[in-house]
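Below: a set of structures, written as structure tokens.
Below, chain A partners chain B and then partners chain C, in two separate complexes.
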Partner chain A sequence: MLYFITDLLVLGCINSIMVVGLNLQYGYTGLLNFAFYTYVAIGAYIAAVTTIGPSTVTGVTWVLGWTLPWWVGIILGGIAASLLGALVFAFTVRRLRSDYLAIVTVSVAFIFWNAINTYIPLFDGGTGLFNVPYITGNAAISSEQYSGIMVLLSAAILALFVWTSRRLFRSPFGRLLRATREDEVVTNAFGRPSWQPQLWVFMIGCFMAGVAGGLFIFYITAWSPYAFLPLESFILLAALIVGGSGNYWGSLLGAFVLIEGLAELSRFIPSFGNGADVGAIRAIIIGAVLIVVLRYRPEGLIPERWLHWYSEAPSGLGARIRAIGRSG
Partner chain B sequence: MTVAAEDTVLDIRDLGYAYGGSWAVKDCSFTVERGQVTGLIGPNGAGKSTLIEMLSGTLTPRVGSIHFNGRDITGASPARIARLGIARTFQTPRMLARLPVIENVVLAAPNQIGENPLRALFWQRSFRVQEAALRAEARGLLEWLGLQDHVEQLAGNLSGGQRRLMEIARALMAHPKLMLLDEPTAGVFPETGRLIATRVREIVGQGVTVLLIAHNMGFLSAVADDVVVMAEGKVLTRGPLDVVREHEDVIAAYLGSASTKKMMASTGAAPDPGGASG
Partner chain C sequence: MQPGHRARLQDPAAPAINQFLLAVGFGLATASVVALAAVAVSLQVSVTNFINFAYGDFMTFGAYIAWTVAQRGVNFFVAIAIGGVATGLLGVIANILVFRPFMRRRVRPVTLLIVGVGLSFIVQNGITVIWGAEPVRFQQTLGDAMHLGPFLLTPGDLLMIGASIALLVLLHMMLTYTKFGKALRATSNNADLAEACGIDSERVISITWFIAGILTAVAGVGLVLQESTLDPTTGFTELFVIFGAVILGGIGRPYGAMLGALVVGILTEVSGAYVNAAYKGSIAFGVVILLLLFRPQGIFTTAGKMG
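Let's turn to the complex of A and B:
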């Protein structure tokens, strides 16, 4: 039972990191990124191949094959995802209106998925990476103990990223992000080329995605193209919209309620028919919840707080909850 | 074609812009003098708003040049033009709807050190003082324009007239040398229009130059030192409002039609295809 809870918490924290990163891009800045999970995957792959060492199995190949410490791998995964994000942004987003951005990111997701799935020397193609070592190395440790360690690590990183997004949000930089989201013509007309803050946020959000991917692969110890089907990005976006975009409490709520509450728990639905039905039901439930929320509460369960980021206002958790109650 | 004289803020020469094949602005030349309110009038489709969009960098001129304080800004980006000291309002007010009014205004202030994400993350104390000063300034501007009861309200909830006032506050927050006001009194309650007129005169008193588009003759006579009349993409005439409104070309342009031919002849222009729609 304890393992069940810690396992759920690890996955919840990792998913929350992703949603917090996506919220920076979509919630704060209005960049609709349907390829978000691609950056998670890049982070996972890079974290693995920089720490796992060279392949010892015939026919199984991957690039790099370094044996760096796990935490360096996670950071490198984040940086790789961030640089890839910058590259995609430089080639596409900067020249496109936000309407088209969604389509471009969908294309990016498909290009990367197919390239990784097909080109075996890169990350072992469709078979993927497996037997990725625990971050505890060779120490004898049960999977229960390992999930306990990973809860602490992922919660700490989640806390760091929530702090990051809170600091960014409550600053003139955050104001510029929201202004860009509302109307790029205005920010440009007042001397702020909108691509500059957008590029920052795209890179920071992708860094968070990459770190989440690194944590993910060190926890589940394997990764393949079937771990990052394009549907996953959609689920993250659904979690963000249901929870409430534009604030990190909504992100966290969405990650835990939608992804954890519905998706992970649905694994425990008694099986009937064939096993694939459960996955289908999961997708149906998420789609239905999204439709209902968009119809009856388009601002999400916790709407964006817009008043008083500045210090004149009361701060702290209590004041924030009261404010949520008022604005609801 | 030398660069402008010292008291010329804006020097527009032979400017032209076409949407598709039809010229909205063509062979348009005039200057805006320092410390004056220059009104820009003309019938619908005269090219006034297209001209403003070129001056603010949103549209790139096909031909001609724009000099601002002697510097060539033809085809520069909106952000660069803004940083050089030109602030604007929009024909349809553009609100950052989900931001409070005060944040809409503070946003426009130049050189905000807190817009650096690294400072936002690691050194928030470095911009506290500036932020407090900018907020006080924005609050003062909003009160000065009669919006003191709406400072913390979401900008998307403002009425039409309040939006125009907020846009003026936002443009002033940028500390401009030149303000472009695109129909600041359109759809505004007369009382508010008079407030805007008073404030525009006070702004000019502070040394800011203003170029504004207006249709309301009462408003123009209250604010404008000089009026430039445009029709079909060109400058028809310019001078004090009392003089130009008696000008027969102006009457023809406004009343349209019967005397169009005569107007064309007197300005020496050949009718160009599609020009009427520009």
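Let's turn to the complex of A and C:
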């Protein structure tokens, strides 16, 4: 029973880290990134290949094969993910309207998925990495004890990231981001650049994705292309929107209730037909909840409180400034 | 996960130019399928101005209906027609129940895109629940592959190319000469103005969803005939190839989408003849990305949405 709870908490915390990172991108800056799970995967792979050493099994191959400490691996995974994010951002985000951007991010996700799945020397192709050792090293501990350790670690990292994103949100930098999200033209008119802050926050979001990936692979000890199908990014986005984008409590609620809660609930759905049905019904519920929430409560279950006063004054101000711009 | 991985015949001993022409022939067959779906997407975007993420799953749905009906011994072409009508109705229902309430509120295109993702979840997994996740074999043997000039095509390919051309000509006549076609073009051009002129734009949008659904289902069947298997993700993986064609032709321009499909179809098949076939799918996505970066307005841009 205790194992059931700790296992749930670890996965919940890791998913929450991802949603908090996605919230930085979508909630704070309005960048719709359907490739988010690709960064999680990069983080997971890099964290593994920099720590587990070279392959000893013939036919199983991966790059690097370093033997760094596990925490360096996780940080390197985060850095790799954020560098990749910066690269993608530089090429796409600055140029595209939001819905086209979404299509490009899905295409990016497909290309990376395809490349990792096909090119075996990189991360062992479709078989993926497995038997990744526990972060506790050679000390023999049961999976119950290990999940207890991982709860503490992932909860601590989650707390750190929530605190960071909260600081970001309240800082002048966060105000600038939200201003850009609401109206880029007005922000530029005030002499504020719009894309550098977006790039920074995009990279921080990808860093969190990479760290979550590192924690994930050290917890479940395996990773393969089937762990990051494009579907996963959509589920994270659904969790964020249902929970309430733009604030961290919504992110946590979405991650725990929509992802973990439904995964646990679906154990109680009686299995009929074939085994795939339970997962399918879960996805149908997620889709339906997503549509219903967008329809009746577009701000999510926990709204961004700050929006209440914002919708009054500055948008009128923005309209006036643009009117001045037109008349001038 | 890889779109358009078809088992194609290849003759390593043949001269390079023949290989190239063979690939062009396969490209034509692929293009005919992509064209139908791309025109459907473009037609719908032209009147509603948002991209429906669930189109791939509509394709899968149409193919499954046609497969189910064909399994009962019904004539193959009747089965396709039934699949088309069913998918058309699915489009209309999706529009009325899901998209219309959002469109009335005039939400941002991004919101509609996310709504489409939710709908895609529901349709794709609904298919899994009804028909199961295991791939089913869907083949229609119409005869052996034959040489036509430099090309090597199966009668199924030829049938698909013919059907695609026929449907697109029919669509062109409808857009150009009927009253409904005029209403559709007016709505596409400016929905508010069309409404002010007494056009019931919501009705036009509903009928457009129906027509787009029929085209999508025929494209779905064509796709499955080329790959000979069908599973709940078949359409979704092809969706981004279709988006490539739509974007290439200029979003919301059905005629551009036809040309876009031709380019995308031939490009993916020809490149597939020269690089590792596993990367073929990535080429289509690469094209989408490059296009969106450098020509987001499409390659063949003309004045007016319906160019």
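Here is the rule we go by: the second predicted complex is superposed on the first by the 298 of 328 C-alpha atoms of A that agree within 3 Å, B and C clash if a C-alpha of one lies under 4 Å from a C-alpha of the other, contacts with A are read in each partner's own complex, and residues count from 1 in each chain.
The rule we apply is simple: contacts are C-beta pairs under 8 Å (C-beta built on N, C-alpha and C of every residue); 3 or more make two chains touch, one makes a residue touch a chain.
This one's a predicted model, so the numbers in the text were calculated from it and none came from an experiment.
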| query | For the three-chain model obtained by superposing on chain A, do chain B and chain C clash or fit? | reply | fit
| request: Give one of first, second, both or neither to describe whether A:283 is in contact with chain B, with chain C, with both, or with none. | output: second
| said: Tell me the contact category for A:185 with respect to chain B and chain C: first, second, both or neither. | reply: first
| query | In the superposed arrangement, which partner chain does A:87 touch: chain B (first), chain C (second), both, or neither? | reply | neither
| request: Could you look at A:200 and tell me whether it touches chain B, chain C, both or neither (first, second, both, neither)? | output: first
| Residues of chain A touched, compared between chain B and chain C (which is higher) | C
| Does the superposition put A:176 against chain B (first), chain C (second), both, or neither? | first
| said: I want to verify one number: the closest Cα approach of chain B to chain C after the superposition, in Å. | reply: 10
| note | Per the touch rule above, chain A residues touching chain C in the complex are 30, 32, 91-92, 95-100, 102-104, 106-108, 110-111, 113-115, 117-118, 229, 234, 237-238, 241, 273-274, 276-277, 279-281, 283-284, 286-288, 290-291, 294-295, 298
| Where on chain A does chain B make contact in their complex? | 164, 167-168, 171-176, 178-179, 182-183, 185-193, 197, 200, 204, 246, 304, 306-308, 310-311
| query | Which bits of chain B are touching chain A when the two form their complex? | reply | 56, 58, 77-80, 82-83, 87-88, 90, 94-100, 103-104, 106-108, 110, 112-117, 119-121, 124, 127-128, 131, 135, 152, 154, 170, 174
| remark: As the complex stands, chain C meets chain A at residues 1-2, 50-51, 98, 101-102, 107-111, 113-115, 117-122, 124-126, 128-129, 132-134, 240, 243, 247, 276, 278-279, 281-282, 285-286, 288-289, 292-293, 296
